[in-house]
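The structures considered in this document are given below.
Below are two complexes that have chain A in common, paired first with chain B and then with chain C.
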Partner chain A sequence: MSTVPTITARQLVLIVLGLAILAALPLVLSPSLVNAAIKMLIAALFALAFSLAMGQAGMLSFGHSAYYGLGAFAALHLMKAVEDHVLAWPTPFVPLVGAAAGLVAGIVFGWFATQRTGVYFAMVTLALAELLFTLAPTWNSLFGGESGISTMRMPSWALSFGNDVHVYYLTLGWVVVSAWCLWAFTRTPMGRLAVAMRENEHRVRFLGFDTHLARTLVFAISAMFTGVAGALLAVANEASNYTIFSAQASANVVLQTFIGGAGTFLGPALGAAVMTFFARVTSDLTRSWLLYQGLIFVLVMLFVPDGIGGLIALHARRLRGAAISRFVVPYLLCAAVGLLITAGVVFGVESVYVLLSDAYVAQRRAAGGAVVPYRLVGWTFDPLSPLTWSLAVVPVLLGGALLPLARARTLLAWDKAIHEAER
Partner chain B sequence: MSAAPVLELRDLHKSFAETAIIRGVTLEVTRGQRHGLIGPNGAGKSTLFNLISGQFAPTAGDILLNGRSIAGLPPHLVNRRGLARSFQITNLFPRMSVAENLRIAVMGHHGHRFTLFRPVARLNRVRQVVDEHLERLRLQRRRNDMAGDLAYSEQRALEIGMALASEPEILLLDEPTSGMSREESAYVVELIREVTEGKTLLVVEHDMSVVFDLCDYASVLVYGEILASGPPETVRADRRVQEAYLGEEAA
Partner chain C sequence: MEFLVISTLNGVVHGLLLFMVSAGLTLIFGMMGVLNFAHAWFYMIGAYIGFTCTRTIGFWPGLIAAPIIVGSLGVLIERFMLRRVHRFGHAHELLLTFGLAFIIEEVIKLFYGDFPVNYAMPSYMKFAAFTLYGIDYPFYRLFIGGVAILIFAVLYVLLVRTRVGLIVRAATLRPAMVEALGHNLPVVFMGVFATGAGLAGLAGAVAGAFFPTGPSMGVDFGTLVFVVVVVGGLGSLEGALLASLLIGLFMSFSVGFDGSLADLLGLVGLGDWARGTGGLLTLQLSTIAASTPFLLMLLVLLFRPAGLLGDRQ
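Coming up: the complex of A and B.
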């Protein structure tokens, strides 16, 4: 469903509140969390820019890392020039050059890619990004070879940009302004045309629109804001190398957008922020974090295909005026089911991971081939004891047994709430 | 009557690989004429429409719109020259509102093809024209409903309205009543008559009665060639037409 998006007074209050919280965050967060917040903001902008092409115009690009990377390298070259006193350019305006790089690359690459639609479009975008990925490590002057380019943020406007708090506010400012631009785009004739092309490109052509040109423009605008995100990453990290062009980076933004909800405006930003935080936390704890990320994606696609944003929108739309208290018990029950199953699965996966690791194999060899106990989060477990494996199996079974009850209670609460909201 | 032709086909040919589908069609549609194009299945009616509207380029021959060649132009340029078409299979933006469907069609005609720096809600002229169309199509009450949720005949009305929104010199209607019940068909024919008052029309129809209801001139296309042209009564009386077309219907 698609209508011209508008903001209600209620949403406006929420937006202002959200911005106030974002602005206040550095006052309460530890330095490492401020750094995490910067990465979350950048990922959010990347996802918003990506979903302008994907969600609005239905162009599933599998190569958006190209514009992200080009934005980053353009910013790094500019910062280097400033550092070498070749050029005077205020640090807060560095992302402008990322926007320019993204826009130009978006027009050129987009002109080719948008000749095709659907799968073929996706393949061309993927191929163009892969081209950069293979080219970058050997192109020293532009991409710094395999080691990449590093530089330093220069002070400007009496701000040192020496700590993450300054970078946080710079990032926040750019992300908010860019998000506003992307939102405003959806309300312009061009933005509506993008939706119409997603719906039925063939018809648009017979209404007097050059759809190739239109698709190129939409793609270029998406690439432009992706370039801004890339430049912000360069400003934050003061370095980058060719891996920024990897297919993994392109795939990440696709996954994040779908987890967040491709059909809503802010959903992709939410998905990107959540998954970036998830990756940051779990990648420190376990090496199987990519497996968990994959599991989350599969589960979301199977059971919540509209994503986090879609779920929130559903609650906001259907439950206006209904008693929220009705949901406390059912949702707590759902959370308990989720926690039990997650705990069992995580314990099982981590145990298997330890038992298959080189370190454990070495331990066994040292013990003359005997099965030795293994350690996990500070505890010792016996791999041959049924008790150990019951720690994985029992929570999953328990969760599975409670699932029908949680489901029934949730559905009942929804029925009653909808009935109440309609009255 | 010597009205200048709005649309002129000159010895038009179209082949797909070895197969010749259109084999030398010459046809004139004069200003204000309501021209019906009939013919049995497989005669090449749809191909002819696709050639005229820019979907395909002709193999040989020429298509003139107001005396200027449009043969081989892409659909969006054909549309901007003043030719609009509707489709046999309903061809809308199903998950956009009825008003938005019309707005897409209207805004292109009012010079807002790629407007980026103005919200669509502030294009007052466009909004006004959309409202006029909604009223004429009897769709005011459905304006905020999704186009995909409309009844079949309403979708057809919207489809024709969208084609009309670019204020074309000539309107091509591709089987406007296909797949409809008698009542729906009568409703749509009546609506077409109303909204295309004074406009130049070229209608492809399989249903002869629709052509007699709607058109003042008819051409019969059989195996990629025009078999007969003239007022509907004359054409109906033509022996060859009866053999080729009506005979098939009667059988």
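Coming up: the complex of A and C.
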């Protein structure tokens, strides 16, 4: 199973096409979407760097926010020095200092953490990150206290970096180069050793390798690129505070990696980009977006344990030469089931949210305690009418009723397609 | 002297509270090896159930309802979710429960709002147990400590002295053997998980009446409960109690202690150098009280990975 990964000609075409689209994006996107795209790229790099430790070497780090934050604060201090004319350092090279901070922290912290494996490793990394999280708000000189540090991007190389488009290309450049480096690393003997250690550390040690040193190195490289991502975030936001070290931030990258698919190379980047975009869009639309995000996490963990990337890889691997048309009807059916259930759940949650909100309670008080109709996405609903609640219940029931059918049709299509591909 | 006595008392009570919250996780994480990130959120549900019960059926029924409801929730989560992802490994369990923590917090915010609710103990429990140095010491703090000690005693007897406890302990060490002897392992694990979750629910209903009951309860204890279990030693109930008390005392003493590393170095004549260096060395100990549990966990993991009273890794 463990052969050196290579890129086929077809994948190369797809990659070049993808890069071309990424490079052309700022020409068509609105400024706020460019900003969202920057955050998506940064999240993608963070997830790629994390998955070097997790996916390749099997080290479940639960404290990667430490290196992300240290990279960000290192970059902020450098930018501040440039702003105060203490130092002349071109803005495009600011992420280098994030890489350095991540690497140093990765070597020091990693040396301790990699003495343990499995759950204990996760706990050491968690403790290190929580230590920073609890220290940072009181350590004014380094982390700027609770308010954090803010600074300005300085123009360099005839580029002002005043608008997001410049920052976008700066971020894109660093993310692509870093992603290529991470990919190249998986192909080196050291990268193969990381996979071998994940599969069976005892055997690697019996072969004469110093596994502690090797694990420290892999962890430090992962931390280094995490530092780059953190520095890019600092460049984009021009500010940061101690919350960047929170366990939530560490957990987020783990989740994004697994939603994207920890077993594939680009899957984590995809998962991170998708989830960042989802958070951005839904947090503007509804106050209960964290609930939906939690539901997605749970559903993906339960039903798609290999993640989006794993799903795509499965299709690419097993269905070579099979007729895609076979899947149109089953997948449309699956999509319909998903849409129905989502629509019912979202309507129910949003209705409850409106009905329990302070604004609605005030409306009722104004109406003398009577149950007044409420408004949701432009329509008016009566909370006491069974029709209103059937809008939430009926789609869910309908979706649930269609689920076995969609499942059976999909399985049938898969069976036939695999049969066809093997023939 | 006053500082010493008050800090010790507060530290012990805080430690016992910590033990009450993490006792269930000692079973779930320590014995079954399930990284249940949502444990502190179970504690939060318990507090909200307690709050709802005081409004409807009373305070004491709430203390019974909370563990039962949260325990049943634990059964559902174990049976229909955790068991499915168990074969994919620790990471999936952790992430699943992390997603659950999100859902729990948001559903509670949906129904109870973003701000702490007014969950109060019955008025007849609001009295001072004794007066120390002119300060009334609330009886309820002693009540919390008492419930924690009761939980410890019951769990200890259950695990060490009964047949059920024998099977549970054997199942964590030699699952295949226990199964071969005819015990229904999945049911045993489900029971352990439900008990652990129920204990968190009870802790929430008891402690929530004294400490603020709000949507941040989960985050406040989220990682701290793992510290207790790891420092105490996986699966060791006595270890968890010892670790909780240690952490409680550490935190209460460092909060009230005025001094920094520089002052300590001053004793050996390095004070001026340390103050000149600044940074970590001049931070007041009281401001880094929140860090001490994680420092303790780090030291334990590096030098005694089995935990203070654990006997296996």
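Definition applied: the second predicted complex is superposed on the first by the 421 of 423 C-alpha atoms of A that agree within 3 Å, B and C clash if a C-alpha of one lies under 4 Å from a C-alpha of the other, contacts with A are read in each partner's own complex, and residues count from 1 in each chain.
The working rule: contacts are C-beta pairs under 8 Å (C-beta built on N, C-alpha and C of every residue); 3 or more make two chains touch, one makes a residue touch a chain.
Everything numeric here is computed off the predicted structure, so don't read it as measured data.
> Tell me which partner A:Thr211 touches in the superposition: chain B (first), chain C (second), both or neither.
first
> Thinking of the overlay built on chain A, is A:Arg364 touched by chain B (first), by chain C (second), by both, or by neither?
Touch status of A:Arg364: no partner.
> Using the superposition on chain A described above, determine whether A:Asn200 touches chain B (first), chain C (second), both, or neither.
A:Asn200: touches chain B, not chain C.
> Is A:Lys80 in contact with chain B, with chain C, with both, or with neither (first, second, both, neither)?
Once the two structures are laid over each other on A, A:Lys80 reaches no partner at all.
> Any idea whether chain B or chain C touches more of chain A?
With both complexes superposed on chain A, more residues of chain A are touched by C.
> Have a look at where A:Arg280 lands relative to chain B and chain C in the superposition and call it first, second, both or neither.
So A:Arg280 meets neither chain B nor chain C here.
> Check whether A:Lys416 is in contact with chain B, with chain C, with both or with neither, and answer first, second, both or neither.
After superposing on A, A:Lys416 lies clear of both chain B and chain C.
> According to the stated criteria, A:Arg326 is in contact with first (chain B), second (chain C), both, or neither; which is it?
In the superposition, A:Arg326 touches no partner, neither chain B nor chain C.
> Please work out whether A:Gly191 is in contact with chain B alone, chain C alone, both, or neither, and reply first, second, both or neither.
Touch partner of A:Gly191: chain B, not chain C.
> On chain A, which stretch or stretches are contacted by chain B in one complex as well as by chain C in the other?
none
> Within their complex, state which residues of chain A touch chain C.
54, 60, 62, 112, 115-116, 118-120, 122-124, 126-128, 130-131, 134-135, 138-139, 141-142, 247-248, 251, 254-255, 258, 262, 288, 290-291, 293-298, 301-302, 305, 349, 352-353, 356, 358
> Contact residues on chain C for chain A in the complex?
Touching chain A: residues 33, 35, 37, 81, 84-85, 88, 90-92, 94-96, 98-103, 105-107, 109-111, 113, 219, 222-223, 226-227, 230, 278-280, 283-284, 287-288, 290-291, 294-295, 297-298, 301-302, 305, 313 of chain C.
> Sort out for me which residues of chain A touch chain B in the complex.
Contact set of chain A toward chain B: 1-4, 184-185, 187-193, 195-196, 199-200, 202-211, 213-214, 217.
> So in the complex, the part of chain B that touches chain A is made up of which residues?
53-54, 74-76, 79-80, 84-85, 87, 91-97, 100, 103-105, 107-109, 112-121, 123, 144, 146, 162-163, 165-166
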